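These notes open a run of structures that come right after.
Two complexes follow with chain A in common, the first pairing it with chain B and the second with chain C.
Then we have the complex of A and B:
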C-alpha cells in the first residue's frame, strides 16, 4: 500500500474493486465502517454481490476481465467533465511531458511491437527532449503531443455505451460510480482505491493497477490521507517476502537481479541507475549503487565489492523465470530437485494437473510444512500411481507462526515484531533453524567434496545463529545494516563518526564504497539501538491523531514513513490541500506530521525543493508509463479465454505480450461452445489460501465444509441444477465437482447484446482432506500470465458447468 | 437496572463468522458433520454443539437487494421464559446470575422436559443433547465476564458489531447508534430493548433477518401447563 490500514478511515470515498475486502480482509472493514461513520461513501465493483457489497453505498457489477474498459470510462468521464485536480496534475504528474514523435497507437497496438518476439521495443515510447537533454513540456496541457492530450485521445474510445457493452454494467450504474468517485477530485476530498487479486490475476493485471494509478493521479488522491493505491495483500507476510526479494527478478529492497549481460558491478550500476535532467527531481533510485554495494557487503563483508558481485547468480538476459515458467520447465524435466517451502503449488498454481504432472519429473522434493499437502503428497493424488513416480519426497515438519520469533510486514509496510508464544512441538523446527542447519551441511559437503563455484558458498557470511540456534535478531540487525569500517559523515548539520559494528541509522547514510552493509536498504532504520519493529507506543501529536497515524507503533519502511509520496498532499508552498486531515505541513522552516517523503523544502523553493514522486526518475507521477512490457497506457484486451470474439476498442482481442506456453496442457478456449461460461476464483473468510491450515481446523471446516460453485438462478435453470446439488465444472485443463450455490447475488451479464453467464469458485480445497471436500480450483485455471509479472490469469477463464 | 448487556449492531455485521468460531473455541465445542447444502450458513442451525450461529438471508427489502447476516444467540432475557419453565419443574436447573444477568443452563437440566423449555423461548434458542439430555445455549461467557473479560464473540468481532458492557452504557450506545443510522435507514429499530440482554439493532425490519428475531415474530409461544401454572403462581410464591 502507499498508505496503510488505519488510513482507510480518513477517506471520503472508498472504491473497492477486484477485492472482497469485508470477507478477505475483515480488519479492513473496521476502518472502512469508521470512514462511513464520518460520512464516507463505499463503492464496490465486482462480478458478484458479496459480503462487501452489502455495505456498499454504490454497487456495480462488472464481467471478470473487463476492468480496463471500466476504468477507461472513468478516465474519460473525469477528463470530459473537467473533474481532475488541475494544479496537482500539472505540478506533480507527467501530464505536461511531450511524448516523442515515434510514439504511436493504432488499433490495439502501441508502436514498436515485434510480432515474432511477441514483445515491444519500448524506445519509441520515450519522451521528447530538447538540445540540453531535458524533457520538453507544456504546462498548459494543450500541446497535442503532451501526455494529457494523448491520454484524452487514447480513452476517447471508452464511451459509456462501449464500456457498458463490454463490462455488462448498466450505463446508469457506470454513471453513478463515476460521478461518486470523480467527486474526490476536489482538493479537499480524498478517495482511496482498495484492490486485491481480482485486479492483479489477469493477463492485463499490471495495466489494471496502472489504470487505477492514473485515476488517482488525475484526482489528486496520491500522497494524501484517505487516498492512495492500496493493495490488500493476500498473505500476512507477502509484503515482507517481496521486500526481501523472494521473487526472481529482484534482490532484497527491489534492486533488479543482475543478468549475465552485466558481468561487472560497474556495468550493473550503469544499466540500473537512472539519471535525470529534471532539476527538482530527487531521483532516489540514483542511489542504487549505494544499496547494491551495501547488499553485497551484507552477504560478503570480507570480499571486495567486485568479487562479491561476481558471486551472485545471474539471469540469462530476456529469459523468464517466473512462477508459471518454473512449472512449465519442471514439466520439461529441467529440475532435479525442488523445495516446496511453506507453499502448496499442487493446489495454488494455475493448471493443477500440469503442475502435479511436472512434479513427477523431479528426482527429489523437500516439502517444509505443518501439515500434509497436495504438494508433498502429489505422488499419491488422484490419477497418480505411486509405483510409477520416481520422486523421493522429504517432509520436514516445521514450527507454526506462534512458535517462532521474528517479524512480518503487513500491507501498510509495517514491520511488526512477534514473539514465540510457545516452543515448537515435538521435533518441528522454525524455518530459520532449518535453513541455518541446511546451509551448514551444504557448506560441509562443499568443503569435503568440492563442487562447482564453491567460493560464493564458502565465503557467505553465515552468522545468523547464536549458539547454533537461529537468531532472528542477528538477521534483523544485518538487514538494517552496520558500518564495516570507521566512517565520519555529516548527519544533519554536524559530523558524526561511526565505528565498525554501529548500526546504520538510515539509508541516506549507506555508502557506495563498501564501508556499510545492509541486507535490505528499505529496512535501514528498523533495527538501530532499538528493535523498532517491536514498538507498541500509541503516542501521537494532535496532527497525527487526526489521521490515525501512530509513529511509535511498529516501524514502517521506508524510514517509518506511513503515507508515501506525502509531498503531494501539500501545495508547492507546503500548505496541506486538506488541512483537516493533513499528512505533513511546512511550518517555521520544517516539516511536521508524518515523516516527509523527502526532507527538502517545498517545491516552490526551486533551489532546494523536490518533486513528490521521488522514486521516479523525473520526480513526477507517471500518467504515461513507458516502462511496462505491454504499453505506456492501459488498453483493453480480453482475457486469454473469453466469451467474445471481438470487442469495440480495437481488433486486438488479447494481450499481444501475455505470457503463455505451448503444448497439450495449453489449450485456450475463446468463444468455444463447449466452455460457454466465465469462471473466476476467490476466497472466503473462513478459509486460507489452499486451505492447508484451515481444512485442518475443524471449526473452520465446519463453517465451510465443501468446494462450492456460486451461480445465478438463470444459469441453474438452464442447466437444470438445484441449489445444493453436486455439479461438475470443466475446462480444457481438467474437471472437478462442487456443490451448487444458486444465488441472486450473481446475475448474467449482457455483453454486446448477448447473455454471458459467470460462475465463481473458492480455491481453498484440495484432495488430501477432508474426504468429501473437493479438489483445487486451479485444476480449471489456465497457465497464462501477465507479461510484466507472470501472475496467472485465474480470475477470468472459460468453463462448462453441468449436473454431476 | 444494571447487570450486563450485549448490543449487537447489525448495520456493521459482515457475516465473517468470527463470533461463531470464537464461541466454539472458547467453549471447546465439538464440530458437527456439515455439508454445503447450497448456503454459506453452516452449521445450519443452533444445536447443543453450536451455541452461536450466523444466519445468512438473501432478500429484497423496499426494492433493494440485501444479504443480511444475523449472529443468532440467546437473548438472556431479563425475565426468561425458559427459566420459568425450568423453575416449575426443577428449581435451580436454569439459573440467573444476579450480578451479570446471564441465564445459564446447569447439569440439572437433564431432568427437564427439553421440548417444553425450547417451546417457551420466543427466539427458539434452547437445544438438547439427545444422548445426555443436557441442555445447551449461550451462557454469556459468564466465566470470562466474572473474570473481567469480554465474552469470546465480542472480543473477536472486527467491525464493532458485537458490543458488551454494563446495561445502561449499552442501551445508551444502542440509542446513539440507532439515531445515527436512521437518516440512511429510516426503518431501523432496536429489538426488544426493554426485555432482553442481547439487543439487536436492525437496519431493515427485523423479520427480514430471521423468523425468530423479535418477541412475537413466530406467533404465540405455547407455555406448557406446568410453566403456565408456574407463571401464575410466581407472585404467590414470592409472597410465601
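Then we have the complex of A and C:
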C-alpha cells in the first residue's frame, strides 16, 4: 500500500476492483464505510456481486480477465473530457517526456519484439535526450511524441463500445463508473484504488496495476490522503517476508539479486545504481551501493566487502527461477531436496496435479507447519500409491504466532511487535529456533568435514540466539543495522561520532565503505535506542489527527513515513492541494505533518527542491513505464484460456511474453467447446489461503464446511443443476467436485454479442481435512504466468461444469 | 443476579422494541464489569497481532496465571487504532489455534515408500536433514557456470516459504539459504 488502512477513511471515492474487501479484509472495510458516512462514494467492479458490492454506490460487473479494457476506457474518458489534474500531470509525471523515434506500437505489439525469444528488446522505448543527456520535454503536452499524446493515441481505440463488447459491462454502467471516479481529478478531491489478487493473478497482472497507476497519476491521486494504489495483501507478514528478500530476484530491501554477469561488487554497483541528469531528481536508488554494502556486512561483518559479495550465489542472466518454473524444474528432476516452510504448495500452486507429481521426484522434503497439510502428506494423497513414492519427508511442527515473539509488517507497511502469550505447545518450536538449530548442525558438519564451498557457510554471522534460543531482538537490531567501526558523520548541522555497536538511526547514514551493517535498509530506524515496532503511543498533532495518522503507534517503513510519495500532495510551493486533509505542508522553512519523502524544500526552490517520486531515476510518476517486460503501456490481451477467438483491440489475442511451459498438462483451452465457462477462484471470510489453519479451527470449519461452486440460475438451468447438488468441474488439467450454489450474484455476460457464463470457486479446501470437504481449486488452474512477476493466472481460466 | 446468554436472549426477545439494556428494567453493566475484572485477576494480558490477512488487527491474549500458562481467551485490542477492538471471524477464532487437538505436536518422519508417519526426536530429524542438505549440496554445487564465471550456486535444493514467519525469522532464513548458495528461493508473495 502506498497509504494505510485508516487512510481509506480520508477518501472521496473508493474504487475497489479485483478485491472483495468486505468479506476478505473485513476490518479494513470499516474505514471504507467511515468514508461513506462522510459522503464518499464506493465503486465496486467485479465479476460477482459480493458483500462489497452490496455496500457500493456504484457496482459494475466485468468479465474476469478484461480489466485493461475497463481501465483503458477510463483513461480515454479522462483524456477526452479533460478531467485530468493538469498541473499535477505536468509537474509530477512523465507526461511531458518525449519518447525516442524508435518507439512504435502496431496491432498489439510494441517495437522491439523478438518472436523467437517471445521477449522485447526494450531499448526502443527509451526517452529522447538532449546533448546534455537530459530528457527532452514538452510541458505544453502537445508534441505528438510526448508521453501524454502517445497515451491519448494508445487508448483512443478503447472506446465505450469496444470496451463494453470485451468486458461484458453494459455501457451505462461503464459511464457511471468513469464519471464517478474521474470526478476525483479535481485538486481538492482524492480517490483511492483498492485491489487484491483479482488484479494480479493474470498473465497481464502487472499491467493491470500499471493501468491503475496511470489513472491515479492523471487524477492527481498519488501521495494524497485518501488516495494511492493500495494492495490489500493477503498474509499477515507477506509485506515483511517480501521486504526481507524471500524471493529469488531480490535481496532484503529490494536490492536485485546479483547475476553471473556481475562478478565483482564494483560491477554489481555499476549495473544497479541508476544515474540521472534531471536536476531536480533525488534518484534515491543512487544510494544503492550503501545499502548493498550494509547488507553484505550484515551477513559477513568480518570479511571485506568483495569477499562477502563473492560468496553470494549469482543467478544465470535471463534465467527464471520463479515459482512456476521451480515446480516445472522439480517435475523434471532438478532437485534432490526441497523445503516447504510454512507453506502448502500442493494446494496453493496452480496446476496442483502437476505440483503433487513433481513432489514424487524429490529425494527428500522438509516441511514446517502447524497442522497436517496436503504438501507434507502428498505421498498418501488422491491418486498416489505410497509404495511407489521414494520421497523422504520430514514434518517439523512449529509454534503458532502467539507462542513466540517478533514483528510482522502489515499491508500499510506498519511493523508491529507481537509477544508470546503461551509457551509453544507440545514439542513444537518457533520457526526461528528451527532455522537456528538446523543451521547450527549444518555449520558443525562443514566445520568438521569441510565440503563444497564451505566459507560462505562458516563465515556467516550466525549470532542470532541467546543461550541457544533464537533471539528476535538481536536479529531485529541487525535488520536495523549498527556501526561496525567508529565513524563521525554530519547529523543535521552537527558532527556526531558513532561507536561500534551503536544502532544506525536512519538509512541516510548507512555507508558504502563497510563501516555500517544493515540487514534490510528500509527497516533502518526500526530498532534504535528502543524497539520502535513495539510503541503504543497515540499522540497526534491536530494536523495528524485530521487524517488519522498515528506516528507514535508501532513504526512504518521507510523512516516511519505513513503515506508514500507525499511530496505529490502539495503544489510546487509546498502548499497542500487538499488543505482540509493535508498530509504534509511546508511551513516556516520546514515540513510538518507526516515524514516527508525526503527533507528537501518543495520543487519551486529550483536549487534545492526535489521532484516527488524519489524512487524513479527521473523523479516523476511513470505514466509511460519503459521498464516492464510486456510493454511501456498496458494493452489488452485475453487470458491464456478465454472464451473468445479474438478481441477488438488487436490481432494479438494473448500476452506475447507470458510465462509458459511445455508438457502434457500445459494445454490451454481457448474457445474450446469442451471447456465453455470462465472460472475464477476467490476467498471466503471464514477461511484463509489453502485453509490449513482455518479448516482445522472447528468454529470456522462449521461455518464453511466444504467446497462449493457459485453459478448463475441461467447456467444451472442449462445444465440441469439444482442448488445444493454436487457438480463436477473440469479443466484440461484435472477435475474437482463442488456443491452448487445457484445464485443471482452471478450473471452471464454478453461478450461480442455472445452469452458467456462465468462460475466462481473458493480455493481453501484440501483432501487432508475435513473428510468430504473437497480438494484444492488449483487442480483446475493453469501454470501460466505474468511475464514480469511469474504470478500464475488463477483468476481467469476455462472449465466445464456438469452434474455429478 | 446471574444471567446466561440464552436467558438473556429470551427476555430480549419478548421486549421487541427495547434497546439492549433499557427494556429489561435493570442494568447489566455491573455484572459485565465484574466479569471483566475476574478475567484480569486470573490472567496475564499480552498484546499480539492477527496472523491472518494483512490488515494487522491488534489482539489481546489472556493467559491463565495459576494453571498451565495457557491462553484462555483472545480478543480484539480496543486501543489498536486500526481495528479498535473489532475482529472478523478468523481473528475471533484465534484461540482455537493455541488449544487444538489437531495440532501436530511431535516431529514426524515418512521413510521412502512407507505408508505412514513415525514420530521422531528433534535431534534425530535435524541431524538427518543437515546430513541430507550437505550430501545434496556437496554433490551438486556449481562453482562456475558454462562461461567460466564464478556463481557459487546450490541448484539442487529449492525452498518456498514463508509469509507466515516473523520478519526476524524471514531474515535469518534467507541468510541461511543464501549462505548455502540457493537460488530457487520463493514464497507466498509470488502466488
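Everything that follows uses one rule, which is that the second predicted complex is superposed on the first by the 804 of 804 C-alpha atoms of A that agree within 3 Å, B and C clash if a C-alpha of one lies under 4 Å from a C-alpha of the other, contacts with A are read in each partner's own complex, and residues count from 1 in each chain.
As a convention for this text, contacts are C-beta pairs under 8 Å (C-beta built on N, C-alpha and C of every residue); 3 or more make two chains touch, one makes a residue touch a chain.
Since this is a predicted model, take the numbers as computed values, not measurements.
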Does chain B (first) or chain C (second) touch A:742, or do both, or does neither?
first
Looking at chain A, does chain C or chain B touch more of its residues?
C
Report for A:667: first if it touches chain B alone, second if chain C alone, otherwise both or neither.
neither
Is A:545 touching the first partner chain B, the second partner chain C, both, or neither of them?
neither
Which superposed partner A:804 touches (first chain B, second chain C, both, neither)
neither
What is the contact status of A:171 with respect to chain B (first) and chain C (second): first, second, both, or neither?
neither
Report for A:348: first if it touches chain B alone, second if chain C alone, otherwise both or neither.
second
Once the structures are superposed on A, label A:469 by its partner contacts, choosing first (chain B), second (chain C), both or neither.
neither
Counting only touches as set out at the top, which of chain B and chain C does A:604 meet: first, second, both, neither?
neither
According to the stated criteria, A:452 is in contact with first (chain B), second (chain C), both, or neither; which is it?
second
Set intersection of chain A contacts, chain C complex versus chain B complex:
26-27, 30, 685-686, 698-700, 703
Which part of chain C faces chain A closely enough to touch in the complex?
46-59, 61-63, 69-71, 74, 79, 81-84, 86-91, 93-94, 96-98, 100, 102-115, 117, 122, 125-141, 143, 145, 147, 149-176, 178-191
If you look only at chain A, which of its residues touch chain B in the complex?
22-23, 26-27, 29-30, 33, 37, 49-55, 684-686, 698-708, 722-725, 739-745, 772
Residue set of chain B touching chain A in the complex reads 12, 14-18, 20-21, 24-25, 31-32, 34-40, 42-43, 58, 65-69, 158-160, 180
